[in-house]
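Here you go, one structure.
In order of appearance the chains are A, B, C and D, and numbering begins at 1 in each one.
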């Protein structure tokens, strides 16, 4: 029994990080109908950001979060102007391919500079244990920081003018323009925020697991699943769906071979897309799923 | 006169909003029925309920005796019921000819490609588009696109043609041409169910008129009867008594 | 149909492909095999992407399943090449019909994500499916090449079969485009709701197109993995391959027939050259990425779109 | 007029014989995973082969009969994917006129490349394809220079038997051809050794978080852990086993712990064992070629990184080919193949012998694995050989310190 409880708790902790990773992609999708295929590469950039800062300047890993967040924001704004600006309003396939192109470039540069060698940010925090099961401090800290970041994002969206502008653009870009919202600037800001979220989730993940330049793909795919479960374009939904997915993995593992959980995850992914286009957990904004 | 289209007790609710409430009317063989009413009366919704774009909350729709309530749009079209859109929906990237050929191919007669192209040319000529056959649809003017909507529907050689404000946005000469076209079509034994705001056009074209307001039928009858029905005047111009009261 | 010039242009292309390596130039054959596979993938993807406007992101699942069926029939059940290929093709397009009825109710990016989901679900399933060797995959012994006259001549037989499959793909796209079914697909691609109102049976046509776009890639997959004498889940259901197929179709010009074919050939030559050139060897991903970014931003209608704009008369000759 | 030129050419060539004979060289072709997930091990293996080539050329080339052949490499990037392998190997054979071939990295790519090499009767020495199936399909020109997958964990099972005959073993391995083959045979050996199999789990290579699996290991009450996969997953497993205090006394993980970078895991690496084809501290007495120390020192001098077994595997493929050419006294493929078939030698890498029955030609039957363990030596994490007895350089740290 304790084993199942331990797995559930693990699922909750890591599910929160899945949720944070997915928030980046669902945020950009929600605001500008763009599927950001550089998401995986941006997560990896966040990981390497922490590694370089920690090894170069010896600062503790968690202190590197803020600089990575800022760097991610500017990278996001740059990504907007390079790949996404001309794609706004055009069929989603175009932005899909534009971001895919940037992803190719990032992976190419990453492999050329760092190869696919392993990197590890050694962080250890006292955790707590439940019988024979231990919960590393790093996982707990990651979940706590995720909650903090999600809270800050919520406050930004619902308690600030810029947040209101972002939500307006998300709801209807043309209408927002008519009432005087500088949509281009808001779109660039949102893209910056989305990539910053991806970067910071990468930074948190780097404190949990060793990583290579190619670790991004697994997280990108996981983010797709979480985004769809949470309802496309719904950041709070993504966080809750991330936790739900983590709990599912925690719950399923004791009862069946681990390799089958992936089969179920993707079958669930397709079924939810068909049956609940709005996502399983679509709290807050209801968006017409089929446009 | 057997009823071509039979709508009985038709209703549609979007959440709390009763867009259409227990509406009944019918369209006879070879008849032109006008459907009028203020904006938001639910006219376009009725069209969408008949040709299956929306599934009705209640009521029944029968076409030539066959129940088509909630049937998919393409099944309804295949039975011979064609319609135009209030906001034009051309196949922008395809030529005018191809646009019409789609109508001919998949309409009532389900024509093979070669015959369908021929039917498409005839329909295009009918609405005066014969010189623009190879032009991509997106290059047409708004009037041209309206004509294309009509041509596409006609190419399907339907038994019943539903026109959704086909005159809206046209200048007077274009209106006159379109009315003339509708008259020639009428001559071929085609029944028409028409939504229109231009009173003199719809009054002159229709055999009968149904007036709709906030989803319910306010009045029905010949154009003359409806024009003098006090309820209709009130709905359009406000309380008739007001005319007599001193300022 | 036969009067149209494009019908003969396809015939000439197939003849060129078949004659080009003329028996000795093995290296050219290997490069053309990859080009033929890419052309097959891109042309069949174009039925969904270019005609019906549906982005099948996970189209590689047909290729992978075809490969697995064929290798399993030959390796474990001892069937001949011909029967394995035919049954694989039919089985995969039937499966596509079933998948299609489910996911074709979705549109736009939701459909694209669903196709990714289908591909990943099938890969995860195959990885756990022991009769197909699970994660080890299936190895084929060289003896299976004997009926085709040993490995050397077998590779030639496989080459000609792949060229035939490529030709069939081009003709399939061509005949569909000129048929009533094609007109229906194109109208769905332009505006699905308006098409339905005009009587186009959208659900049935989409499912048929999805199933048709699965047949030839499945057979090509069977040949490809038979040639490699080994199939494992990671190679068979590699998402980058179907993303490349989309890039190729966009590069060439979606909705046209010659577009994807030209795009596939150019793409294959480019990647082949990048890989074997010293200067770009480890930057080939970067170069491919920058190139795609420029195309999507500045020439979204692709090569053919650009050519049609510059030489409108071309539109009557090339389709 | 013609005679004058003729005389000049002869005169010229006499004056510079070396130049005239245009330097006899043999070309060896191979593909390398410069990009994609297999990049780390594949490039390490390439460095080993290049190190051998440079040494041979420095010594004047391979002596065959009265001729000396310089070695030239032609390599292409196969991107860790089977798609282009056949195109590239065809190019190596046809356009680059490779006399001999080295295999690509990983069993899957080797199987695909074999179709081409077999067809042209080109000898292909494989330093990175452990899976035995490819050699049991009737291929005639393949030679596996490293121990096959089935024996990878054999040493770890026997060593465990000596330490704890009633061990409860957890097998957790990656869903890929290599790891599955290794664990399948290790499972049989473990049962024969009388262990109880507490857990048998495989995970998708893309798995990033192992905590659910590790909880399962804890629930199973296992005290020995055997498994892993290729590169990133092995390291993540080690770190999470440590962080979640799985309470294991014995941990052997495939491939990942062999790289010097594994030490960056710190305490999580302490006591973790890895089956290895070769370690710098092995004590083999070579019939020819460098001793293990000489190789280790020279390799470190060249690459500034302590040689891991992938580098050694790259070097041995070259050394065995060289030996066969020298024995055959010619570079004629048939003679070299005959020499390779008869090889039964000990080098810095250990014993090497190829099976040459019809059903297993080229399979490696001579080479033994060693078991290395990360131990704390003077405050620094070092790899020590802890099994077999003959090759031991330090006592095995068993059971693992309480930290685990």
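As a working rule, a residue touches a chain if its C-beta (ideal position, glycine included) is under 8 Å from a C-beta of that chain, and two chains touch if they have at least 3 such contacts.
From a predicted model like this one, the values you see are computed outputs, not experimental measurements.
Looking at chain A and chain D, the chains that touch each of them are C.
Distance between Cα centroids is largest for the pairing of chain A with B. A simple rule picks the central chain: find each chain's mean C-alpha point, then take the one closest to the mean of all protein C-alpha atoms, which gives C. For the pairs A-C and B-C, the count of C-beta pairs in contact is higher at A-C.
One finds 32 Å separating the Cα centroids of chain A and chain C.
With each centre defined as the average position of its C-alpha atoms, the distance from chain B to chain D rounds to 77 Å. Centre-to-centre separation of chain B and chain C, using mean CA positions: 44 Å.
For this pair, chain C with chain D, the centres built from the Cα atoms lie 37 Å apart.
Residues of chain A in contact with at least two other chains: 108, 111, 221, 257, 259, 262.
Listed for chain C are residues 124, 127-128, 282, 284-285, each touching two or more other chains.
Shown here, the protein chains touch in an arrangement that is not a line, ring, star or fully connected set.
Remark: the chains found to touch one another pair up as A-C, A-D, B-C, C-D. Taken in their complex, chain C has these residues touching chain A: 49, 55, 102-103, 105-110, 112-114, 116-118, 120-121, 124-125, 127-128, 243, 246-247, 250, 282-293, 296-297, 300. Partner chain C is touched in their complex by these residues of chain D: 34-35, 76-77, 79, 81-88, 90-91, 94-95, 108, 111-112, 114-115, 118-119, 131, 133-134, 137-139, 174-177, 180-181, 202, 204-205.
Within the complex formed with chain D, the chain A residues making contact are 3, 6-7, 10-11, 13-14, 108, 111, 115-120, 122, 124, 127, 129, 132-136, 138-139, 205, 208-212, 214-215, 217-219, 221-222, 249-250, 253-254, 257-259, 262. Residue ranges of chain B in contact with chain C, taken from their complex: 51, 53, 72-74, 77-78, 82-83, 85, 89-94, 98, 101-103, 105-107, 112-113, 116, 152-153, 156. The part of chain A that touches chain C in the complex is made up of residues 29, 33, 35, 82-83, 86-87, 90, 92-94, 96-98, 100-109, 111-112, 221, 224-225, 228, 232, 257, 259-260, 262-263, 265-267, 269-270, 273-274, 277, 289-291.
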